[in-house]
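What follows is a group of structures, each given as structure tokens.
Next come two complexes built around subunit A: one with subunit B, the other with subunit C.
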Partner chain A sequence: MTDAIAYARPKYIGKSIQRLEDSRLLTGRGRYAADFQVPRMAHLAFVRSDQAYARICQIETHDAKELPGVIGIFTASDFAHIPEITAPSKMLNYHPTFCPVLARDFVRYVGEPVVAILAEDRYVGEDAAALIEIEYDPRDVAVTAREASSPNAPKLHDSLGSNTIFSRQFAAGDCVKAISDAVHVVSGQFCMTRKTSVSIEPRAYMAEFEPQKDTLTLHSATNIPGIVRDEIGRLLGLSGNKFRVVTCDVGGSFGGKGSLYPEEIIVCDLALRLERSIKYVADRMEDILSSSQAFEEEVAATLAVDENGHFTALKADILGDIGAYSIYPWTAALEPVQVASFLPGPYRIPHYTATVRGICTPKPPTGPYRGVGRPMAVFALERLVDKAAFTLGLSPTELRRRNLVGTEEFPHRIGSGIIWNRSGFHECLNAAEEAVDLPSIQAEKTSRKDKWVGVGFASYAELTGIGSRIAVAPGMPMNTGAETATIRIDATGAVSAVFAMSSHGQSLETTLAQIVAEELGVLPEDVNVIQGDTSLTPHGTGTYASRSAVIGGGVAVKATRGLLVKVKRVAATLFGVSPSDIQTGDGNIFVPNTNFAINFAEIARLVYSDMSTLPQEARETLEFQATYDPIVGTTTSATHAAVVEIDPETLLIKLRRHFVAEDCGRLINPLVVNGQVHGGVAQGIGAALLEELKFDDAGQPITATLADYLVPTSAEVPDLEVAHIETELPDSPGGFRGMGEGGTIGAPAAIANAVTDALSQLGIEVNSLPITPSKLHALIAAATKQDRQE
Partner chain B sequence: MKPAPFEYVRPDTLDAAVQALNHEDARIIAGGQSLVPMMNFRLVQPERLVDINRIEALTPIVQTDTGVRVGALTRHVEAEYHPLLREHFPIISEAMPYVAHLAIRNRGTIAGSLCHADPSAEWPLLAILLNGEIEILGGSGSRTVPAEEFFMAPLTTDIAETELVTGVFFPSPPASCGMAFDEVSWRAGDFAIVAAGALVYIEKNRFVNVRLVLGGVFDTPIRITALEEALVGQSANQDAIEAVLSLTTKDLEPNDDLHASAEYRLSLVHVLARRVLTCALERASS
Partner chain C sequence: MSSKTHITLTINDEPYRADVEPRMLAADFLRDELALTGTHIGCEHGVCGACTILLNGVSVRSCLLLAIQLDDAEVQTVEGLGSTREMHRIQTAFREYHALQCGFCTPGFLMTVQDILNTLPLRNDKEIRDALSGNICRCTGYDHIVKAVRSLVTERDKIANQ
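Right after this comes the complex of A and B.
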């Protein structure tokens, strides 16, 4: 493959180069949306619903309006000119919801914005909020998806026939027959609870109105600046040359900043109406209550296995609790449908059927969260695989090995239609098995009495860098498969690389600079990566779905190669040689074994400023724009192995080791890849052992602060071990695969399997996450009671 | 998440502080680690905040003939490392790392924790276990309240809004005394699900005095007097402890909340009581 040759002796690609953004971010020189200060800037605060589902009877704002420092108080009727947020989809059996920017007539979750207060500062805004009285007429609620899916459940949206806002079937082969023919059948009911992303920076927006130019700039803590620009532009009737969205530094998203939010529409609308700049910074509680949530699904699944331990069929029924509204642009189908799409995993399973339903509940809308659907899919399937291994008396790794798609079998289409290309399925499993040393753990399990020790594996595959053939979310009428980039050498010889993506922690400033530097022959620190500004690129959507290394990295390769052709052409004219004689490196352009050499600054001067050295027709602008669309995408795979020990008395669960073997193709920067895996696994640990958004029977959130919603801290995350497996590279420019989410995809399942293994002597299975000592206590009590009865 | 407006005063002396507190709705701020979050959530909205951090009389830790007096403003981290406390009450430095995180321990104070009276907090448990006496100053003079009578309900103590805690006196325990602390929390630094402290005093291989205090199970930390009494006079060994352990959970109805079920807490009470009593006994014997 040409790329493999191009990088035969890479200078920067594959090197652990220190992150170029670190010195800025670690010394407090980062610039986040909340940092923007401009003259006459006003601050926005919200009164949010304290009811799960209620009719708004009356809103009393008189006292608040009188408070000095209050500029204006706004309710739904003040935004009647803005269409409701609605997420379209071509999916059959999908019913969009209509979400006004402020609740109109009804509130549908605690935390939904009802009144917007504009004030001179946020303190006054919150003083005014305390003076506003809203009278509600509460309605009956069905808080869980199960309750809300029943035909007699109170309907959350009167305009919809039921709370089921979409349903979809998957079918390949004859599952019913295959299951009835099977020698072994294992089943289970699996569930994951609601999560929120807890970025270190809460959502924040600053709409900067520039009266001189009559333009509006939204500084947004978003990871989808292009989508936000396009849709707010449409809702408010703004053209792209009058309205831009800029992301600057964003302190994490994990999906929570990856949808369009009412607050950012409101700051824009009010800034235009009042002709002044307006800032809104969510506090932690607002962020927990109103940023998109995720992962709340129930999966009832059955796996059929033949006498040789080969999987024959998989059947699943998936119920997704999608919250109050179908989020823009992904729709509520994003997460639950993805569970079904990826459930067959990296295995050969000839027969597959699945039904998926998304149910509206009076809880915050769900949206993307690192892993999207696959953490649930992998949890359910990998638990079934372990159950099957137990039933067959095989080791969990042996059963996986018998069923993983073989190296010679790629491309392989799984029952949901997804196609796996060559990736290190077996190599990752082997590496994990070797790292864990099963016999020694087995020995420890039998000899140790003071701890229950267990080991668990999880293998998975994911599609990353998804091209235009498949929408990232089902039926979404939007091209998320392409990226455009412009690489430019200016008159000073400086290299700028402009992308439409936006980093919110992925180190794109470093990795994209490494790629451009490698291809062009300059130093990475000399490449200025510009991103997240919609005025600089014609189109782009953002950074999500593990796409930026594949699509952004790919377009970086393509565009830089285009630019290099121009550079070589100029140098060839200058030296009187053929362009193929020219080489570049370390900022120099030269013909090897001659004294023909020039640096980038000099060639830029010759092209742009010197009117005599080169003929006019040779002085071409040193800029190249390219677009890249991988059409399908790349297959990333991994196996996680977790070793846990449980204190039999306190039931505290300690994750002793967590090992990840992953194949993300060519590593651009191992330091960055490790960082992504570490962070992802930390979130997976949260999903497995700690994080759970809880709601009471009335739909009131009872985990609205970080004292009650527990995320892992460094003390709960062991030293993580990561092995990079580089098998045959994918057919993408550069050979990169996406790997931003994998840590979160594999970890919950591996940990659940490890805890189950540790409890095998009690016959307890972990089928609901997170598993906590208190829940373990209940499981053990129930098991012992059952034992006694038998 | 911004506090309601308030007036801020920062007296330099105890007299000035008492005067400043003579107000309809004043509140002391010490480390601010519990108060500021409550103000930001607008759960409390004091009209006046009296900052006591500049009052030097509230800082010293001094030895007296009968024990150690710890000033109200002593930070958790100071208590953890103070030589006098390490020498006489090693259980304090054993327990302090369980209090929140380092940044919070750098600011949070002993009196702030006692007056905040979180049912799971370590200081109230320690104060009861160590027989502490809480010194209180108000407009009409000073008074002393035994720690065991100080805590009345969650976040409620025997102190008036116009009074302040100036310090805590810990009487010296006998030399052959062993103490131990342990707790279970979900993450490092979280409030305890259950915490336990034991103090064991033995003579001639018999339990002479035993104290067992539990936190996190009830509205205030509680002493398990039935167990304490049952152990006194027994041979000082593990069997004696095992024989009385069931008394810890007898009649106990632990709190059931978001974080843990009552049944699970009950099982922890058993486990932690055994662990701290065993460890305290070992320490007393050596």
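Right after this comes the complex of A and C.
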């Protein structure tokens, strides 16, 4: 045995390998939905409502129809055969809304599509749009949730009893008694204003009609291709053999491309009716006005604390402004109910009560946006924690330490019913406290007069990779908890791995390849990850809710292990050894310390093409399909620390440092995890300091361009510091937890606490985000006035 | 609207001739007429920078230009920077540092970086961040992009000082 072959088993999971999708994306060879062009393709443009709430009296389309190059003008009556979009829910006290694909009789937000124009090119389509006249009879509006929730407010949907389209209560223990018994009680009224995703690629759809087979392919900028396929199929009466949804490259979503939209239904319907391919690409104003918006909640909350600084009770009243319609499939309950579900956070709080209401307003529908509910929940709770620390004279980190669920206390059920499993709650807090040199900041606070300096912390926990026991959106009757994958070795020895997920920046082509490569014993670049095509998988929903690493990674492990059993069985027959003697690595299949070795191409040839080497019964197809459902999910946790400095002259708020300590379990690719955290934090910075969709009293949007709706640029984001804490791994295959949203969850609260700390000498608290120089000016002016009056 | 204007130009070192409507945007011309879809359209009002190209060596927003303004010009788009098999150093630096996620803003960043490496000293991260602040990336939080550019600046200055 002198020539014994030894192969080191390479480890790919945990390596910062360079991304496999990058070469096409870096060279302009990616394919996004707007890039698709086919012969005779027609272009869709829309006339959208310029009224917040009005009856449609008349639509005059004559001049537009006459314009050369216009193929057709369509209004609601042309789509009477398509059922209205409605999101069902199992929740009690939930009243569904019904949204026709084009506004019928009434418009309910500025930006709602009213007329669809099909033209030979988009320029002509927009010429035609300018010739269409719509006569409206405006109705009274109640633009804010507070106004719209009053009994006398004008009703947005005549079919509903009021503008309150759902309400729900949470109760655990006896909150009233616990609060009245408490030594310390802190309260606050917190507000997160309306945001929008702003993926740099606006929404885009191309419905490709294929006359050869009378089939339709929707190339969609969506992150939920399976859900879109299933629902458009239902609405238009198409099954999967006639209709598929393909995503190819998608230019970001952050939730904004994670719902079903009228425009994608219309391109499909018209493509089938006219037997030609149709494209629609939103411009930025359309994208801002008609893609799902986010947050916009008010939370009135009270935290009770005993004499030892232990939290005893939490009470909250949550008012969610959900916009004009309940979005499919998540429903309007998604965001506000998640606030209530996650409000108790990573702490022991024995008594909890919360009421949640969702209010219809004449504004664009809200939907998922990175973090969903938790940025608001964490902002409200972490502000209360800091207020309590101030009241008790404890440091914010010490109070957190006293109340975070302890390492020995997992699993821990919080007042809303969510169960936390072991995650690095204390480890993350300790790391963040250590990273921020508190004494030096304290010294700077007292010595510096030219800047107001402050530090803030925020700890949170989230449920990632949610399995089938819990609906991702509360009450949503749809299983989003399982994923199916097929891993196969073809006759050339190439490995392909087919998933129903849909990467839109998450690097799944790389991270899933790393997992398959590691488990099978090949190189990551030899694994072709195929995803985002509904025709290749029986079922799947997409990539959202920090699920793809946990559920996708989990099913990759399961399916690859199933395939490896087959590979070992074949090799064992070939070598005349036991399957347990076989090892794989580096593209080879071998028995250690022997000369028995073969590579994947050779074994594939023996199995598929060679008729004599292996007995017929040993030539099994090298393919394995598996399904994974984590049932509940995994607990990801983190502590963020922010350091800000404020210029007393200009009131410019500068984020000087942002540090994140997080426990997302086993890292698949540290570079990718860092990227996810960084991107999430940047959006959290936007939510904290810049981003706000504003509407005037008539419901007119006044921030409909990127010059008005400000997202962070490289000048506003500091170097981002991330520490990965790996505690006990979750029991999911691979030990992965989700990390797609955490950055956005923790950052706003940490920054709000830091700004409040910087303003402590003025006694000003940041309870509404974003906090901007002009809002700060107003707060200071109000505080000064109050001082004078006192 | 149907009257067209004849233009001749060079794109990525190849000669092109075209008849275009005077109102056609340069970005639409590149994408729809020439199928150079690597130039992406993110906002059509000059804020996001995704459509940045080089016009006679200077970075410009192709959504704020008309196709007829490209007449007689030398244009470079992301397709001219490198190929999937042989990427330009700026592209490999972006890959090394994971300076892109969804990739939609990336072509605009690459064009901007090419320009600023040629024209600005970029002495520190603040200068790099200021120089990049006309391009919006919603995925990366910029940290990795700044690191990639910093490495390119270091390489540039090392060569210059030799």
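The criterion applied here is as follows: the second predicted complex is superposed on the first by the 780 of 790 C-alpha atoms of A that agree within 3 Å, B and C clash if a C-alpha of one lies under 4 Å from a C-alpha of the other, contacts with A are read in each partner's own complex, and residues count from 1 in each chain.
The working rule: contacts are C-beta pairs under 8 Å (C-beta built on N, C-alpha and C of every residue); 3 or more make two chains touch, one makes a residue touch a chain.
Quantities reported herein were computed from a predicted structural model and do not represent experimental measurements.
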Contacts of A:766 with subunit B and subunit C, given as first, second, both or neither: neither
Which of subunit B and subunit C A:650 touches, first, second, both or neither: first
Most subunit A residues touched (candidates subunit B, subunit C): C
Touched partner set for A:284, first subunit B, second subunit C, both or neither: both
Which of subunit B and subunit C A:28 touches, first, second, both or neither: second
Partner chain in contact with A:681 - subunit B first, subunit C second, else both or neither: second
Touching partner for A:130 - first (subunit B), second (subunit C), both, neither: first
Partner chain in contact with A:778 - subunit B first, subunit C second, else both or neither: first
First (subunit B), second (subunit C), both or neither touched by A:713: both
Which superposed partner A:703 touches (first subunit B, second subunit C, both, neither): first
Set intersection of subunit A contacts, subunit C complex versus subunit B complex: 122-123, 127, 283-284, 707, 712-713, 715
Partner subunit C, residues of subunit A touching it in the complex: 16, 18-19, 21-32, 34-35, 37, 121-123, 127, 197-202, 249-252, 254, 281, 283-284, 504-507, 671-672, 674-675, 677-683, 705-707, 711-715, 717, 719-720, 743
Complex contacts: residues of subunit C adjacent to subunit A: 1, 21, 23-24, 28, 31-32, 35-45, 47-48, 50, 77-79, 81-85, 87, 91, 94-96, 98, 100-107, 110, 125, 128-130, 132-146
In the complex with subunit B, residue positions of subunit A that touch it: 122-123, 126-127, 130, 283-285, 649-652, 690, 694, 702-703, 707-708, 710, 712-713, 715-716, 772-774, 777-778, 781
Of subunit B, residues touching subunit A in the complex: 1-5, 41-42, 184, 186-191, 193, 258-261, 263-264, 267-268, 271-272
